[in-house]
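In the two assemblies presented below, subunit A is common to both, partnered first by subunit B and then by subunit C.
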Partner chain A sequence: MQLTLEFGGGLELLCESKKIHKVNVETQKGVEKLTMKDLLTWVRTNLIKERPEMFMKGDTVRPGVLVLVNDCDWELSGQLNTTLEEKDVVVFISTLHGG
Partner chain B sequence: MEKEGDAKPKNTAPRLCCVCNHRRPALKRPKTLDQICRECFYEVFEEEIHQVIVENQLFKPGERVAIGASGGKDSTVLAYVLSKLNRQHQYGLDLFLLSIDEGITGYRDDSLETVKRNEIQYGLPLKVVSYKDLYGWTMDEIVKIIGLKNNCTFCGVFRRQALDRGAAMLKVDKVATGHNADDIAETVLLNILRGDIARLSRCTAITTGEDGPIPRCKPFKFHLLQIPNCILTYAYFKRLDYFSTECIYSPNAYRGFAREFIKDLERIRPRAILDIIKSGEDFRISTTTKMPEQGTCERCGYISSQKWCKACVLLEGLNRGLPKLGIGRSRGLNIERKKDVKENNLTESIESKQCGTLDF
Partner chain C sequence: MESNGGDASQILRQIETLKATRSDIDRRISALEAQLREINPSHGNDAVLNGSCPPISGFDSGFGHGLSPDNIYRYSRHLLLPSFGVQGQSNLLKSSILVVGAGGLGSPALLYLAACGVGRLGIVDHDVVEVNNMHRQIIHTEEYIGQPKVKSAAAACRSINSTIKIVEHQEALRTSNALEILSQYDIVVDATDNAPSRYMISDCCVVLGKPLVSGAALGLEGQLTVYNYNGGPCYRCLFPTPPPSTACQRCADSGVLGVVPGVIGCLQALEAIKIASAVGEPLSGRMLLFDALSARIRIVKIRGRSLQCEACGESATFTRQQFQEFDYEKFTETPLSPSPLKLNLLQADSRISTKEFKEKIVKGEVHILVDVRPEHHFKIVSLPGSLNIPFRSLEARLPEISSALEEEGNKTKSGSGAQLYVLCRRGNDSQRAVQYLHKMGFTSAKDIIGGLEGWARDVDPNLPMY
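And now, the complex of A and B:
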C-alpha cells in the first residue's frame, strides 16, 4: 500500500532528518486491511532510526504527538483503529520540542 | 482533501462540522466531543484569543508591543494571530518582533532565519539583540569554557535580561510571549517540586512584571480549553513557517520529564492542565513567608533583589575565569545580602522553557 508519511516538530530527526517519506507498506498475507496500529509498528521498525521512545509510548504514539490522517485528527477516525487506504497521507508532529 | 466521493469515509460519527454544519470536520473538541472543520477551528481559536485579550485587558490602544519571537511554533502563531486580530478588531497596536541571538551555531542561526522570513511574511519590524553585543560572549563561547553542565543557567539568566533590554531599545510598552497552558502547568509543577512558593502564583499570572520596567503577557494562557495541541494544529493547517529543533545545548531532562508527565495526564483527562494552573493560582502565600525585596543592580541597573543581578555575577565569573561563580548556591559577591533572598536568584531560570526556546 502506497502511503505518504510526514514527520514534523522534531520527529523527523528520528528518521534521518527526512520530513516526507513515500512508502510502500506490505499488508499481511491474505489481509487487505491496514490500520494505524499496523502502520505504527511498521514505522517503528522501518523508519525510526533512533530514540523510538520519542515517537511511541506503549503501543501508541507518545502523548503530545499530533496525528493527522488526510489532514484530519485521528481522534475522528478511531485513532489506532483507523483503516488506511491507498495514497493516504499520515502526518506525525511532536509538540514536545521547543515552542 | 476530498477522496473518491464518500465511498469509504473514515469518520463513523456525524460527518459535518457542528459549527457551520456544512464542511467536513477535521478536529474534535474533547470537552464537548463536537467535531469541527478547519475553517471553523481557525475562527474559534482566533476568537478565543481575542476574548482573552479583551477580558484581561492585555493591551491598550496605541501601545507598542514586542512579540518575543523564537521562530518556534508558539511565538510564530502568536505573531500571526496577534497581527491578524490587531487589524480585524482595530486594537491600534504597533507590533514588533523581538528575537534574542544567543550565538548558538546550528540552532539559533537557523531559527533566526525563520524569524527573518516571518518579518517579511507578517510585515512586522524585527529587532534582534545578541548575547555577544550585550554581554561580550556567545553561548558557543560560554559552552567552550563551562561545558554542558550549567550552560542553561547562563542561557536562561541572560535571555531574561536580554529580552528586557531589547524591549527597552524598541521602546515598547509591553512584551507578549508565546507561553501556552502546557508551559504554565509545567512551570507550576516545577515550582511545586522545588518548593518555590514565591514564584508559584506569579508564574500563572497572565500579565507579570507590571511593577518592573516592561510588563509581559501571555495571550495563550487559556487556549487549551478547546483543543489540545491547538497551537500546533493551527500552525500546521495554516502552513505557518516555524522552526522546531531543540537547543543543541539543552537536554534539560528535568523539565522534559515534567512536560511528558503533563501530556500523559492530559491524555487521561484533558482538563488536567487547566486544573494544575488553577492550583498554582490558588496557592496563597502566608504572611510569614518573606518575599524578596526588589532593588536594582549596582553594576548594570537591572532589577535585582541583591547587590548585583544574576547576569552580572555570571559575567564577572566568566570574565575573571571563574565560571562557577553564581552557579548553585550564591556565594561570594552577594554573601552579605543573601539571608532571606538566597532562593531568589537560583530559580531565575525555572520560569523559562527549555533553554534556547526563547521564553522567559
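And now, the complex of A and C:
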C-alpha cells in the first residue's frame, strides 16, 4: 500500500531529519486492510532511528503527538482502528510550545 | 574631544532624569486609573481613562454608529471593507484583548492589535528585553535592553496608537493572579513559550468562558488554533496528557528563525480581530500548521470538545478554586518560567572548575578535551584544540577518544597517560557524557563545571556567547 508519511514539530529528528517519506507498506497475506495500529508498528520498526520513546508510548503515540489522516485528526476516524487506503497521507506532528 | 565627552555625559544624565520622571508619571496615572475603577467599575472599559487621550467610545458623531470623526479617519481603510465596515470596527473598539507574553509571538500580535483599534489591550510579561531575543521580538528597541518587556511593548503600542487603552501587567502569570487578570478581558492570546503556561491559560479560559487564540513556534515551524470558542475544544481536549518534558524544546536551546513566530503572531492578531469584531470564521476545531522551510501551510481538522475532558467535558467540575490549587509545574514536570537546567550527576572528584582547568592548560598538562555539543553549536564557537564528538554520537565514536588518549599519552614522560576532560554548553550534557564514559571504562573522565558558559564567565569574558 502506497502511503505518504510526514513528520513535524521535531519528530522528523527521530527519522534522520527527513520530513516526508513516501513508503510502500506490505499488508499481511490474505488481509487487505491496514489499520493505524499496523502502521505505527511499521513506522517504529522501519523509520524511527533513535529514541523510540519520543514517538510512542505503549501501543500508541506518546502524549503531545497529533496524528492526522488526510488532514483530519485521527480521533475523528477511530484512532488506532482507522483503516488506511491507497495513497493516504498520514501526518505525525509534535505539539510546539515555543514562542 | 573632552568637551564633547562632557556634553555626552550631560545629555545622558538628562535622558536618565527624563526617563525617571516618565516612569513616575506612568505609575501615578496607573494608580489614579485603578482608583477610578474602584469608584466607578463601569468605567473600567472606557477609554476616557487613558489620560490625555481623546475618548474613543461613548462619543457619537451623529451617524448612529458611535465612531468619532478621528476614528473614522484613522480606521477608514477598515471601514471601506464591505465585510468589516463600521460594525466590525465599532465591535473592535468596544472589545478588550489580553496578550500573554511579549516575546516572539506577542511582538507582532501586539503591534497589530494596537494599530487596529482594540479598545483595551493588556500585556502580561515578567521578563526583560535581551539583545539575543531581539531578532524575533520586534516590538522592542535597543534603548529598552534590560528593561521590562511590558514597559517596552506598552510604549511601542502607545506610540502607534495613542487613542486606545494599554494596560501593563508586569508580572508572571500564575494560578494566583490569572483569574483576576484574564477576567478583565474578552479574548485571550496565548503567546507564551512553555507547556505549563499553555495548560494554565487554557484552563483559566475554560473557567472564565473566554476564547483563547493559541500560537506556538519553534525552529522553522509554527502552529495556530483557537480554543474554547463557541463549543469548540480546549487545549486539554486535544492534549489531555502533557508530553514528556524532554519533548518540550525551547527557543533558547533549539533555535528559532525570527520571522517564524512573526508569521504565527500576525495570524494570532488576525484571529483575535475576527473574534472581537464578529467577522469571519475563527480557526476553531481546525489547526494551522506552518512549515517555513518548505513554504507550506496546512490547515487540518481537529477533534471537537471532548466529553471526557477534565477541564471542559460533560462531567468536568473544574472550579475557580480547583484552578487556583492546580500545580501546573508538577503536572507538566516543567517550571513556569524556564531557567536553564542545572544537573548534578557526578561526585566532586569527577568534576573540575573552569578556573582549575585553565591552570592545567597553563601548566601544560597532557590532556584531551572532548566537546560534546552538537556540531552546529561547535561551529559557532569552541575552545582551541577541543575534539567535537556530539553527545548523541558518543557511543559510536568511543574509539576516537581511545586513540586520541593513546596518542597524547605517549607524550607523557612517566607514561601516566593523558587526562580526559568533557565540555558542553552549560555543563549538563558533559555530566551525562562523563557518566557514560565512566561506565565504558574511561574512569578518569572529568566534567568541566558550567561548560562553555562558565568558561566565558570565569576565565575568558571575550569568548562570544550565544
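In this text, the second predicted complex is superposed on the first by the 95 of 99 C-alpha atoms of A that agree within 3 Å, B and C clash if a C-alpha of one lies under 4 Å from a C-alpha of the other, contacts with A are read in each partner's own complex, and residues count from 1 in each chain.
Keep in mind that, in the parts below, a contact is a pair of C-beta atoms (placed from the backbone, for glycine too) under 8 Å apart; a residue touches a chain by one contact, two chains touch by 3 or more.
As the structure is a prediction and not an experimental result, all values here were calculated from the model.
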- Task: Assess the superposed three-chain arrangement around subunit A: do subunit B and subunit C clash, or do they fit?
- Result: clash
- Look at A:T35 in the shared chain and tell me whether it touches subunit B only, subunit C only, both, or neither; answer first, second, both or neither. neither
- Task: Give one of first, second, both or neither to describe whether A:G9 is in contact with subunit B, with subunit C, with both, or with none.
- Result: both
- Message: Applying the document's definition of touch, where does A:G78 land relative to subunit B and subunit C: first, second, both, or neither?
- Response: first
- Task: For A:K19, select first, second, both or neither according to whether it touches subunit B, subunit C, the two together, or no partner.
- Result: second
- Message: Contacts for A:V91 in the overlay, against subunit B (first) and subunit C (second): which applies, first, second, both or neither?
- Response: both
- Query: Can A:P63 be said to touch subunit B (first), subunit C (second), both, or neither?
  - Reply: both
- subunit C region in steric overlap with subunit B, selected from 5-13, 41-49, 77-85 or 275-283: 275-283
- Query: Shared contact residues on subunit A for subunit B and subunit C?
  - Reply: 8-10, 62-64, 66, 68, 71-73, 75-76, 91, 93-99
- Per the touch rule, the subunit A residues reaching subunit C in their complex are 8-10, 19, 50, 53-54, 62-66, 68, 71-73, 75-76, 91, 93-99
- Sort out for me which residues of subunit A touch subunit B in the complex. 8-10, 13, 62-64, 66, 68-73, 75-78, 82-83, 85, 89, 91, 93-99
- subunit A partner contacts - residues on subunit B that touch it in the complex: 1, 3, 8, 10-13, 24-28, 30, 35, 38, 70, 72-75, 178, 180, 182-183, 229, 231-233, 236-237, 244-247, 256, 259-260, 263-264, 266-267, 353-354, 356-357, 359
- Using the touch definition up top, name the residues of subunit C that touch subunit A in the complex. 101, 103-106, 191-195, 198, 215-219, 221-223, 238-244, 246-251, 254, 256, 261, 287, 289, 291, 294, 298-303, 392
